[in-house]
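Common to both upcoming complexes is chain A, partnered first by chain B, then by chain C.
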Partner chain A sequence: MNALILSAVLGVVMMFSSVLLKQKSAVRGIAITGLAVLLLVNILESRGISFFKIDVSGMMHFDRFALLSISIALFATLVFFILSAKDMEKIGADYGEYFALIFFITCGIILVASFKSLLILFLGIEIISIPLYILTGADKRNLKSNEASLKYFLMGAFSTGLMLMGIALLYGASGTFDVERMREMIAAPGVLSVAGMLLLLFSMSFKVSAAPFHFWTPDVYDGAPTAFTSFMATIVKAAVFIGFIRLFDETFGISQEKWQIWFAVIAAATLFIGNITAVFQQSVKRMLAYSSISQAGFMLLSLYAMNVSAKEGILLYAAAYSLATIGIFAVLNKLNDYTFEGFNGLARQQPVIAAAMVIFLLSLAGIPLTAGFLAKFFMLKAVIATGSGLWLVIFAVVMAAVSVYYYFRVIQAMYFKEGNATIAASGGFKWSLVGLAALIILLGIFPNLLIYWLYF
Partner chain B sequence: MIAVLLILIPLLTGLAAFFFRNEKAVRSWALFSSVATLAVSLLGLTVFKDAKYLFHECEWMQGLGSSFAVGLDGMGQVLCLLTAVAYPIIFLSTWNSSYKRAHNFFALMLLAQAGLMGVFLAMDALLFYFFWELALIPVYFLCSQWGGERRIQVTFKFFVYTFLGSVLMLIGILYVYSHTADQSFAISSFYKADLPYNSQSWLFWLFFIAFAIKMPIFPFHTWQPDTYEQSPTATTMVLSGIMVKMGVLGLLRWLLPVLPIASYSYGDTVSRLAIIGMIYASLIAIRQDDMKRLIAYSSIAHIGLMCLTIFSENKIGFQGVMIQMFNHGVNIIGLWIMVELIERQFGTRKLSELGGLAQKAPTMAIFFVIIALANIALPLTNAFVGEFLMFTGVFTSTVTKYNILFTVLAATCIIFAAVYTLNMVRKIFYGEANALTANAKDISLNEKLALGVIVILICWMGVYPKPMLDLTNDISDSILKISDVHHLLKK
Partner chain C sequence: MPINYYIFLAIALFCIGVVGVLTRRNAIIIFMCVELMLNAVNLLLVAFSKMHHAVPGAAANAGTDGQLFVFFIMVVAAAEVSVGLAIIVMMYRNIHSVDVNFLNRLKH
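Let's look at the complex of A and B:
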């Protein structure tokens, strides 16, 4: 609750600051400080210190899982601000508004992570989506950005419609929006509840870009300004996953055997399409869009398994995937050439940045000693613990081996190919990258640093 | 303590090596580090022999059931000694080769050593998997950055092959883990997992393919000749001398005892693959003109014999394999040193372009012939002891009814080995010197030192293998006891 109210306030503050403050560095300073405070108050709340007592009539509940996932999202946003906030200046004149919109998205993320009523879920998803439509089109003079924004808006609105339809059907079946009561009401199978569940499944799959609802992703991620792609491909996607897992765990938890097979099929399709298509990309930005689809495929395994290690794993996965991808996007944003050739010879020019990039890429590929490995490890462990779906695990690791191909193409370009990719990077940027890489390795050795918060 | 030091010394010195700027200094630093590791390893063999020094366990990833458990059993001692001996030899013998960005090269070499040590020492399945991958990453960078022309594609093929193998193994590890009584990755829990036959039968292949790719066993060997050929020679030494032993160790420590029934029932299938690979690789080796490729194929044949012996499941064979792992490592590193010397001096590895070196470089010829004879497993050389034990093991095997056939077929490879090895010696050292070799120089002091150590080890192990036999005695017994199928079937 702390973070929710504060982030709404901060959004308004950022809107005014863009009017009142002339200096962009001051706006940026306020945003970063604000986010750090936001993170702090959220951590305080998870330690039991709450500043606001508001009666929400049981529509939201801030349990440990919700608070930890909010902390992860806020921390990742903080890292994103530190690395990429300066590059947002290049996009357009409305510098302060971008931050304001991001703070509003943060509100949505908090709602999605803590909903106990399907109305809140719907509100959260909408509060996330609408600012994102604007951010996608932030580069107003760029046709691709406009196209992406329009495409995203139309597709997003359509899926939101499906979602509302699903919620309405569930309401019809149970007579309530409340998650706890609904669970009991829809335990007995009925046409309304099954249809509602499927509509919710499809619309959430759309939001996390799971196949076959992924078609918008590459175009939108490619067209959006790189800094915002970084934000929406990581933090937003991970947050929607948190909502997704809560929804199916709490609302439809009883009838798991009914929807489990759907997730197996969707996960396998997502892994296949994401990985195989990523192999053929020439632009790193587009490759990362497909990589985000393939990583979503891995995250879907947690929905298939839906047990303790799946829930621990999804948090670890959200952190590992967000941090590594934000790092890569931050570097990509500074390059002129977004193709693989654009990275040629980077290791010669910027050994520190290249080394950090290697850690990020290894983490995404799931090589041990990085957080990415443990994230994948938890997913596999969760599925194996269910005792079924062994084919899915084997398929997933084969696809993970395919993903090595496109991640390592970047490493090969940086280290083994001749070229003169240059980056104008400040010392602070380099050190932030090194710190981020160190954090990824630290999480890869001691996952308990994160999972600890779930229990203590 | 010894076990932890063996990992920590190369790890920390390797990380430090990234920050050196002077090539000479980093070279000395790497040599110093490797000698320190060797000293620790020798101390573990002689002075601090008690289990309290050799084993170490501390908490790591509580809740997951994994702990940082490392330890030196007899097999670990042999392999760590091999790693520890090999590195100073590698650094000494390549002292005169210069590398671009040498600090990165030596740092990665040392990190690879840390990874290898970890694989040999890990007594926890998850830790084993960690190190298994960690050993691979530095080697990937080493081969891709300092190798031959086609290095990027070739190394990448190698990487994807081994990565695919290892993630499949990860599934196997996770499956066994989920069926252990106490949800633990500890090796003792794995040994007690006692899985039913129908799960063992598919788990076997998940593990076996990972190890088979690493060793490599036919038909998973296709990455190997290319990778050996394209890598810088120092890395090839690591790959062929030490890294292939990861696969052999995997079979002995993580496959046979964990999945004994499947190992028994698929033993013949695997043995057939091993024999096909041995004969096939030997025949190809005879036709090779490139020294590196010749040695690469010869290595496939030798490793095939180890695999064959492991699946004949008896004590004498296990001991033979463990001793031969050490000997094969020493011998093949000797051969690679020769390749490096010749390539550096003449700029070619083609047998057809060389000749008559014996008159110009007699010391080199003597060393080469001794190592070549060891490669053929002539009596009084180290490989004879190992191969003799292994053949005895295969011949007296009670788990297969084809033991005599297997022995006969495998023994033909000794003849093939003599053909290609002696042919190589003849083409390089005898005949008329040509324009290229007319001005050949003999080897320098540091190379003499490195080769001297190898020759001493060859003769010592060939004449007096008792220390090795003692070292591997207990562990062979215990592996056999856990994986003894007759006993299990009776139960």
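Let's look at the complex of A and C:
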């Protein structure tokens, strides 16, 4: 509750600061400080110190899982601000408003991570989506940004319609929006509740860009300004996954066996389409868009398994994937050429940045000693623990092997190709990247540093 | 009137909306079809709310949350309209058209 109220207040503060303050560095300073405070109050709340006592009539519940996932999202946003906030100046004149919108999105993320009522889920998803439409189209003169924004908006509004129809049908079947009471009421599924669940499943798959509902993703991620692509491909996607897993754990957990086959098919299709299409991309930005689809496929394995290991795994996955991808996007944003050739010879010009990039890419590919490896390991362990779906595990491992190809193409370009790719990076930027890379290795060796917070 | 009539009407409106979104090429028309989908949901929620209220032995406030939800949908839809129309206007300023076939240009 702390973070929810404070993030809404900070959004308004940022709107005023963009009007009152002339220097962009001051606006940026307020945003970074505000986010650090937000993270701090959320950690305080997970230690039992809550500043607000508000009766939410059981519509929200801040349990350990919710609070930890909010902390991860806030920390990733803080890293994103530190690495990329300066590059947002290039996008347009409304510098302060971008931060305001991001704080409002944070507000939505907190709602999605803590909902107990489908009303809150719907509001959270919309509070995330509507500012994102604006951020996608922030580059007003750029036609690609316009098109991405319109496409995202139409697809997003359409999937919201599907979600609402699903909620309405479930309400008809159960007479309540509360997920726990709903679970009792629809123990014996009828036509209304099955149709409602399917519509909810489809619309959430839209939001996390799972195949076959992924078609908007590459275009939108490619067209949006790179700084905002970084935000929506990582933090937002991971947060919606948290909502997805809460929804299907708490509402439909009782009929898990019937849903497993749907998740198995969606996860396999997502892994296949994401990885195979990523192999053929020429632009690194577009490759990362497909890579985000394939990583979503791995995260879907947690919905298939839905056990303790899956819940631990999705948090670790969210952290590992978000941090590594934010790092790569931060470097990409500073390059002029987004193709693979754009990275040629970066290692000679900027050895520190290239080394950090290697760690991020290794983590995404799932090489041991990085956080990405353990995240994938937890997912596979969760699926094996269910006792079924061995074919899914084997398929996922094969697809992870395919992903090594396109991640290593970037490493190859940086280290083994002649070229003069260079970026103007300050010392602070370099050290932040090194710190981020160190954190990824640390999480890869001691994952309990993160998971411990679920149980202390 | 039986609840079935309301359900069929809402589903019919919803399907018209879905088909419209998938087949029409004008951004404004697609947008109207999305609104049609949302309003079909509103109708359905109100009908279900009355249905749950009329159940014998139900609490006095049974079904009110369904009607509350409708207000939330209206507010969110209004917010979505304002952002969506702004995006369409921005698009029109740049290419002087609201035809979504232009969207295919993003594909390489």
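The criterion applied here is as follows: the second predicted complex is superposed on the first by the 456 of 456 C-alpha atoms of A that agree within 3 Å, B and C clash if a C-alpha of one lies under 4 Å from a C-alpha of the other, contacts with A are read in each partner's own complex, and residues count from 1 in each chain.
We adopt the following convention: a residue touches a chain if its C-beta (ideal position, glycine included) is under 8 Å from a C-beta of that chain, and two chains touch if they have at least 3 such contacts.
Quick caveat, the model's predicted, so the values are computed rather than measured.
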Fit or clash between chain C and chain B when superposed on chain A: fit
First (chain B), second (chain C), both or neither touched by A:Ile134: second
Contacts of A:Ala168 with chain B and chain C, given as first, second, both or neither: second
First (chain B), second (chain C), both or neither touched by A:Val397: first
Partner chain in contact with A:Lys381 - chain B first, chain C second, else both or neither: first
Partner chain in contact with A:Glu147 - chain B first, chain C second, else both or neither: second
Which of chain B and chain C A:Tyr405 touches, first, second, both or neither: first
Touched partner set for A:Asn448, first chain B, second chain C, both or neither: first
Chain C versus chain B, contacts on chain A by residue: C
Which superposed partner A:Asp219 touches (first chain B, second chain C, both, neither): second
Minimal inter-chain CA distance - chain C and chain B, angstrom: 27
Touching both chain C and chain B, counted on chain A across the two superposed complexes: none
Touching residues (chain side chain A, partner chain C) in the complex: 119, 122-123, 126, 130, 133-134, 137, 140-141, 143-144, 146-151, 153-154, 157-158, 160-162, 164-165, 167-169, 171-172, 175-177, 219, 222-223, 282-283, 286
Chain A partner contacts - residues on chain C that touch it in the complex: 7, 10, 14, 17-18, 21, 27, 30-31, 34, 37-38, 40-41, 44-45, 48, 51-52, 55, 62-63, 65-66, 68-69, 72-73, 76, 79-80, 83-84, 86-88, 90-91, 94-95, 100, 102-103, 105-108
Interfacial residue positions of chain A with respect to chain B in the complex: 362, 366-369, 373, 377, 380-381, 384-385, 390, 393-394, 397-398, 400-401, 404-405, 408, 412, 415-417, 446-448, 451
Contact set on chain B toward chain A in their complex: 60-64, 129-130, 133-134, 137, 141, 144-145, 151-152, 156, 159-160, 163-164, 167-168, 170-171, 174-175, 177-178
